[in-house]
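Chain nomenclature is as follows: A, B, C and D, assigned in order of appearance, with residue numbering initiated at 1 for each chain independently.
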Amino acid sequence: MIEDISIRYLDSFADKTLNAPILIEGLPGIGQVGKLVAEYMIQALGAEKIGEITSLYFPPQVILDEDGTARLSRNELFLCRTPAKDIIFLVGDHQSTSGEGHYILADFYCDVAKELGVRRIYTLGGFGVGHLVNEPRVLGAVNRPELREQLEAAGVMFQRPEPGGGIVGAAGLILALAVPREIDAVCLMGETSGYLVDPMAASSVLGILANLIEIPVDPTNLNDRAAEMEKAIENLVESEQHKDEELSYIG
Amino acid sequence: MIEDISIRYLDSFADKTLNAPILIEGLPGIGQVGKLVAEYMIQALGAEKIGEITSLYFPPQVILDEDGTARLSRNELFLCRTPAKDIIFLVGDHQSTSGEGHYILADFYCDVAKELGVRRIYTLGGFGVGHLVNEPRVLGAVNRPELREQLEAAGVMFQRPEPGGGIVGAAGLILALAVPREIDAVCLMGETSGYLVDPMAASSVLGILANLIEIPVDPTNLNDRAAEMEKAIENLVESEQHKDEELSYIG
Amino acid sequence: MIEDISIRYLDSFADKTLNAPILIEGLPGIGQVGKLVAEYMIQALGAEKIGEITSLYFPPQVILDEDGTARLSRNELFLCRTPAKDIIFLVGDHQSTSGEGHYILADFYCDVAKELGVRRIYTLGGFGVGHLVNEPRVLGAVNRPELREQLEAAGVMFQRPEPGGGIVGAAGLILALAVPREIDAVCLMGETSGYLVDPMAASSVLGILANLIEIPVDPTNLNDRAAEMEKAIENLVESEQHKDEELSYIG
Amino acid sequence: MIEDISIRYLDSFADKTLNAPILIEGLPGIGQVGKLVAEYMIQALGAEKIGEITSLYFPPQVILDEDGTARLSRNELFLCRTPAKDIIFLVGDHQSTSGEGHYILADFYCDVAKELGVRRIYTLGGFGVGHLVNEPRVLGAVNRPELREQLEAAGVMFQRPEPGGGIVGAAGLILALAVPREIDAVCLMGETSGYLVDPMAASSVLGILANLIEIPVDPTNLNDRAAEMEKAIENLVESEQHKDEELSYIG
């Protein structure tokens, strides 16, 4: 019988002794902000894959690799060893398709973090505002109040949430489920329209995250991509305004 | 592995010996009537939190507190000790997202009531009628016929239900699932349009409930809020009529 | 922990020794045909309740009885003892809300039938045709081919099904799940528009069923109700035609 | 209690010793391409049924056979013994109705393949392109890269998938879940509009599959059906163009 969730560590990751590890979660979500940041960091820092997670709570489909090989939808763990600390990344194709699966997977991720001795978790996401954002701020959430001050010093905003306001999916649940395991966890959310994949929001999050973890990450490529997108949107907006003007001549 | 439902009692509630306890359930529902009443009573009576319930049947999201701290969606238990009887309140962010979860949670609430020696349960809710209600009545349901007379004497109406008419969610299921545990349970439902959060319906329910449990609760603040809302709706209705009149001049 | 499905036999049904029992299933479904027939027979034959089935696969709501007492959504077993054979009826408020629940409940019903020594099961339902039917036929299905001849002799039609055509819910699943328990089972479906509760279709099914089980059931009241409905629909159709004529005068 | 999934082998299949068996999966899916190919081969090769699979993850309905007998929705196993190799076919009425059921069933199919000593699995399907296809290509996927070369030599195309592109349901999941069981598996998908049952796509897939497994299958009947459908669609398109022309005269 297939298990609800399976994790497989790569053989290359035989020695699970890590140096003051932190975990950065960047699964798919609003504006793909978390995914963009985590995958960019994996590439920029040359992190190496150490494990794969599959689950029947993911969509029932396989992904085709470029060579035509099918593999299960999955989440992946990457590791980057640095002198100061080791960084584990949690990225992947999908989040759960069911509410209960979200809880069970987030709980599993926290088990993994505990097992690997993770000292702090950063979950990344987008904060949908429903309109284009010129200079996206980074909003934060924490899993104990003492963590807030350090984030604010780094430029993270703590917006008074609407009553009942929350964070849906892994980025939020991990924060709460890390508490009984005594792992500090913070969530960084880049403001985003929510309509588009948003490298601008990702760029804002990356800048603050790199500062917080004191690991320099060259943001050039992500910033370039954000600048391109910003330009493309500007052109789109201008051409729309142009159309409006033409229409007003006619009218 | 995460449990389906977890309850955590606060350390301050070490002594679970209660004095003739009753349980008042006011979870979210139609017009938020039950929630308004129970949360108002908690504040008015100075009840103290004694426990928290989390469950993977709640929506997969965390709630942000005012200081930016994330916590799981949860239900909460509050306790108010009075000379005559102790009152436990069951309130919270959400009900279940699935049909099966509704049953499992309601059954769990009844287990908790049994464990704490609860003698009677009051479940609170709204009764949606689809139009604005000027003087909302309070409709009732019971889990054994003998309980009806006392409610009627207190002004609760027992409307002949439409065939197959029922009560959805915790407010109803708790009544039925309390029967095999030999706990009396009654449901009080304030008439409400069902479109708006309804302090007027809540005010009606509070008046009758306070009488029934013989615990005075100052209704001033809730009544004020109801009066404000009543005024706001009147203004809205008048301004709509005004518009209609203007339109009839034109037409 | 609440069970998936619970059955409770009434104390009055202590002696479960039955005389050549058959089971008639009439749960809610298309046109409420099965429900109408089974509930009519229960009343006409003076069958007595012997048991109740509750399940978390039913909708999460309670039903209010006329005296304001709340009870779980449930299915019920009734028994009518006759000299020739005993008849068990399975009726109720709802069927399952989930696909898996449908299987689990139908399997449970077959377990009950086996335990009570049932020799044949009749499942009743409507066969939706999407238009009004003047003289509804009764269509049949069986769980072994040998049963077909007797049904045809009684006037049941076996329409060549469309490829992949089937019967959804308990009325169908019980047939298939009775096979490994070696219980004969047949399904009788009255043709119905599918839009309305249909006493005409029910009347057709009742006539054939009473013949098949060789138990006379006075159909007067059901036929009266069917005649009333037929008249009401005729009036409705006429008044619509009248409107069309008036419109053609205008146009 | 009913099991999640049940398999029943026919008595005629007492000797499960097979000769270098392969498994061909052709369950319902896009354009019914896989189903058409597998069922055609079963008939053309005179394969015999050896087993039936039922599951509560299938829709909760029974299928009526031509004689009016109801049976559970099911999948079926057929066997064709040839001198060179034995061929097992997996066909059926439905796939799972839930995401989790898809995983559990695909895993079960791989268990069956392992138990029967299957050396290679062919899963068949349609590749929906959203428009009519004149000469449908056959696209492929594999469960290890080494399998690709042989497919390409047989005319299977390996299109660079869109990022995140995948295969939904059994045809894809079986590929991935066969890997830990060390069974080679390939998926053949005929290009199809996705709107219609598509014998043309099926014909393309059959041609390549018969070559790959080195078992000649007379494609005449399937090709005839494809030609008929092609003609019918041409007529439809012409008559639409005709209408357009008539409209342009009017306009």
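Everything that follows uses one rule, which is that a residue touches a chain if its C-beta (ideal position, glycine included) is under 8 Å from a C-beta of that chain, and two chains touch if they have at least 3 such contacts.
Keep in mind the model is a prediction, meaning the values are calculated, not measured.
> Suppose you hop from chain B to any chain it touches, then on again the same way; how many hops at least until you reach chain D?
When the steps are counted carefully, the minimum from chain B to chain D is 2.
> Please state the rotation angle, between 0 and 180 degrees and to the nearest 5, that superposes the Cα atoms of chain A on chain D.
My answer is 90 degrees for the C-alpha fit.
> Over half of the interface residue numbers used by both chain A and chain B, so same, or under half, so different?
Different: when the shared numbers are divided by all numbers used, the fraction is under half.
> Per the centroid of Cα atoms for each chain, what is the distance between chain C and chain D, given in Å?
Chain centres of chain C and chain D, defined by C-alpha means, are spaced 38 Å apart.
> Pull out every residue in chain A that's touching 2 or more other chains.
Residues of chain A touching two or more partner chains: there are none.
> Could you please specify the touching residues of chain B with respect to chain C in the complex?
It is residues 96, 99-100, 102-104, 106-107, 140-145, 148, 158, 160-161, 164-169, 172-173, 175-177, 187 of chain B that touch chain C.
> Name, in rising order, each residue of chain A that touches chain D in their complex.
Within the complex, chain A touches chain D at residues 1-2, 56-73, 93, 97-98.
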